[in-house]
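You will see chain A twice below: alongside chain B first, and alongside chain C after that.
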Partner chain A sequence: MPEVVVHAKAVEKKYRDVAAVRGVDLEVFRGEFLTLLGPSGCGKTTLLRMIVGFEQPTTGRIVIDGRDVTEVPTYRRPIGMVLQNLALFPHMNVQENITFGLLTRGERKSAALQKATQMLSLVGLAGFGHRLIHELSGGQKQRVALARSIVLEPSVLLLDEPLGALDLKLRQQMQGELKRIQRQVGITFIFVTHDQEEALTMSDRIVVMNAGRIEQIGAPQEIYDHPETMFVASFVGDTNVFAGRAIATAGARVSVELPALGQTVEVQGRGITPGMAVNVMIRPEFVALDDQPGAPCSGQVTDRTFVGADIRYSVTVGNQNLEARRPHRPEDRMLAPSATSGVTIDWANGIAFPSAA
Partner chain B sequence: MRLSRAAFLLLLPVLGMILSLGTGVFALIEQSFVGADGLSLKAFQAFVSRREAMSVFLYTHQMALLVSAICVVVSFPLAVFLVRKQNQAYVLLIMMPLLVSIVVRTYGWMVILGPRGLINAALMGAGITTAPIRLMFNTTGVVIGLVHIYIPFATLSILTVYSKIDRSLVDGAAALGAGPWRVFSRIILPLAMPGVIAAASIVYLLTIGAVVTPLLLGSIQQMMLGSMIYDQMLVTFDFPSAGSAAIILTLSAALAILPLQLADRWVTRKLPAERS
Partner chain C sequence: MRTRSLVLSLFGYAALVFILAPIVIVVIASFSPARYMEFPPPSLSLRWYREVLGSSDWLGAFGSSIVLAFCVATATTAACFLAALVTTRRRFVGKSLLEMLVQAPLLLPNAALAMALLALLVQIKGRGTLGGLWIAHCILVMPFVYRPLVNGLRQFDLGLEEAAMTLGSPPLRTFRLITLPAIKPSLITAFAFSFIISFDEVTASVFLVGVNYTTLPVKILSDIQSDATPAIAAVSTLLMLLTMTFVTIVSRMVGIGRVIGSRSGH
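Let's turn to the complex of A and B:
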């Protein structure tokens, strides 16, 4: 059983009458990279701010390292935080930013300087100690913000969408860096983002939040392959949704009648009883387009997007619009918009959810 | 930027102002350097050798130091309060006194500070003192009057800088373990320092040039430079003395502001240059 570092117990946060976080229970384990993922306004940042101590929960407790810190001010909590805008001190140079926390803690200046130097080389900024903050690039600022928090060896480091301001290339590079640094120092990271790709690539576990509640907690692959709710299915990754009615169930499998296609298919599904209205989700990579006859149904290509490694097609089957994706190979013939094509769907990877929920 | 020739016409009013103001200043400078026997520094020598003139000079700078220190200390919390309130109405409240003439406001203080004024009446009425305390026609009166007049200037210059400090720096510092006092002393105060220095400079300059308040609330034995010059010009008509005193006042003002300007450079040395 891994050791719990942060425990949010039945945490709720209300602003006047509006609940931002509703009854969240969350255990964060020592040394893991945990991501809070959700659309803006889902309560992930509020939850983070309560763990840091910038906000007080309306009800519930926050426990860090086995100590109830709900009433403890931020500066006495064993946490570190990288804020969204980084909040580097503009009147201090890089080195002073990094030693700030150490000196606040009462460490000797020589020891603090030595640690700062080590930190700088860890984040790949060796020799940058005397640079001024406004002379740094966006990526370098990220590294300084990270270094000045990590140097304090907090029990948990919280990161509030720190990569949001970077361009795509730099963001991907920083994602890798962040993951490398986290592994190297072994500090627990709680990372907040609304970017599902970022969450999938970096996390050990992902907590998907929606409307102030936790929808699902799991490893990235688990979240992607086995979403437990329709929300998770549609928020993480792209997905096609069919409305239908369950006809029969057998263990974890459900037979669903899909009026849009005039077919009955067998998909995964739990907690579904025959006769229930359901939504069936299927990822675009399980929709195959092939022009040879014999496909179970045919559709018309309405749009085509070339994204390099993949080609994304929009296809209309009956009156249902479908997204399909297939890996691009130079020797393949691309389907032209308005072309008619056979459509084969790998229904074994489809998942049915009760449509009311 | 390249301006069309017509644009220079817009500078004409400024030119007119420089000319009319400049003539007066130039005349003053001329009179203090040119005596009956040609060009001389006699007026300045007279100023330096007159003990009461030097005492007025020193007293004026002492007052400026005291008044600007008090103004900064009072204005800083006020500016913080105004920024936190996020309410323009409060800022307006601070500005309102500027709409009333200094003379009127100073007379207002006489009503409050006088021997039978509000404060003394209250103190004696409550039995705390038996005889009225001297609150005006001395240093106390001048300091109270000047601080009151200059607080809006000091508050606004601190407020301008303080309101631009990124609030998230406070959060960031707290997350690094800094308690309220350390956040204030290491983050807020250093970043607000340019505003504090500006406030101190403005109040210092305004105080050494003050005329009305020292004249009405100060003692006759201990004048300030401004009121002394006023006396020399309008009571004894001694223009050379007034001129040399004015020049000494201006030069010493510049000299007094210099360290503040250097301090400003020092506190902002790591910040990005102001975008202009």
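Let's turn to the complex of A and C:
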């Protein structure tokens, strides 16, 4: 059983009549890279701010390293945070920013300087100690903010969308850097993003949040392959959704009638009873377009997007719009928009959810 | 286009001459050896400078004004800073009332305010004392100090304080090492502003000075009314010199501070 570093117990936060976080229970394990993923306004920042101590939970407790810190002020919590706008101290140079926490803690200046130098080379900024903050690029500022917190060796480091302001290229580079640094120092990271791709590539575990609640916690692959709610299914990765009605259930399998296709298909599904209205989701990669006869239905290609490794098609089947994706190979013939094609769907990978009615 | 810019610049120069000419005349007149102010002076001498700098009356009034301005600037800057800190960071009942009270003196004519203050100071036997003028000036100066401080604090990124807290810094240390350096320009500006306003104040002060206690602007006023010697021109010249030095020093300090302040935006 891995050791729990941060434990949020039944945490709720109300701002007057707005419930920003509702009943969140979360255990964060030592050394892991945990990501809070969710749409804007779902309460990610609010949850982080309660863990770090900027906000008091309306109800619930925050436990760090086995100690209840709900009433403990931020500066006495064993915690670091990289804020969304980084908040580097503008009147100090890089080195002074990094030694600030060490000196606050009462460490000797010489020891602090030595640690700062080590940190700078860890984050790839050796020799930048005397630069002023405004003399740094966006990516370099990120690294300084990171170094400033990591040098204090906190039990857990919180990062609130630290890469949000960077352009795509730099963002991807920093994602790799962040992962490398996290592995190297072994500090627990709680990382916030609303970018599902970023969450999938970086995390050991992902916490998907929606409207102040946790929808699902799991490894990236688990979240992608086995979403537990319709929200998770549609927020993480692309999906096609069909409305239908459950006809029969057998263990974790459900037979669903899909009026849009005029078919009855067997998909995965839990907690569904016959007769229930359901939504069936299927990822674009399980929708195959081919001309072979015998395809269960046919559709018309309405759009085609070439994205290098993949080709994405939009297809209309009956009156339902479908996304299909297939890996691109140079020898393949591409389907032209408005072409008619057979459509084969691998329903075994479809998942049915009770439709929210 | 060309004629327009020509007319404009001519107008500009005319305005400049219009503003500067009296000042130049005062400066030149101050070097007159004559008993009465005349322009141009018959010859040049430092007689009135010797007179002024050797007079305990003038030096006393000058000293009073400096001490008064310093006390007023210190008190208003401190009080308004605390008020601005509270109003920019907290919500509380009566906040807008407090803001209105601080800024109310702007709405009243100084003379009316002075009458009210006179009544008050007579009551508390504060007329013609440093304490009395201090109270009066503080009230008059407050609105001019409060605004720049509020603006300075609004521009300050509270995220910097939060970041310092996550680095283990308790509130007082955070205030001293993070907040204060960032808002120092606003504080210096506020202090300089209130110092100059108090030092220059004459409308209300005229009502409130006494036989044994007067300020420099009030003494200049009353001397002009009694006998207009070139001593007044000499005092004015000295004051201009002093003010210019003061403003230069302050703008240097704030100028450097501004550079630092503007960086916090990134």
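Just so we're on the same page, the second predicted complex is superposed on the first by the 356 of 357 C-alpha atoms of A that agree within 3 Å, B and C clash if a C-alpha of one lies under 4 Å from a C-alpha of the other, contacts with A are read in each partner's own complex, and residues count from 1 in each chain.
The criterion applied here is as follows: a residue touches a chain if its C-beta (ideal position, glycine included) is under 8 Å from a C-beta of that chain, and two chains touch if they have at least 3 such contacts.
Everything quoted here is computed from the prediction, not taken from an experiment.
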Since both structures carry chain A, what do chain B and chain C do when superposed there: clash or fit? clash
Classify the contacts of A:118 with the two partner chains as first (chain B alone), second (chain C alone), both, or neither. neither
Report for A:81: first if it touches chain B alone, second if chain C alone, otherwise both or neither. both
Please indicate which partner A:59 is in contact with in the superposed arrangement: first for chain B, second for chain C, both, or neither. neither
Tell me the contact category for A:184 with respect to chain B and chain C: first, second, both or neither. neither
Applying the touch criterion given at the start, work out whether A:93 contacts chain B, chain C, both or neither, answering first, second, both or neither. first
Determine where on chain A the residues touched by chain B overlap those touched by chain C, and list them. 52-54, 73-76, 79-81, 83, 85, 87-91, 100-101, 104-105, 132-134, 148-149, 152
Applying the document's contact rule, which stretches of chain C touch chain A when the two form their complex? 157, 159-160, 162-171, 173, 177-178, 181-182, 260-261, 263-264, 266
Once bound in the complex, which stretches of chain B touch chain A? 166, 168-169, 171-179, 182, 186-187, 190-191, 267-268, 270-272
Per the contact definition, I'd like the list of chain A residues that touch chain C in the complex. 52-54, 73-76, 79-81, 83, 85, 87-91, 100-101, 104-105, 132-134, 148-149, 152
Per the touch rule above, chain A residues touching chain B in the complex are 52-54, 73-76, 79-81, 83-93, 100-101, 104-105, 132-134, 148-149, 152
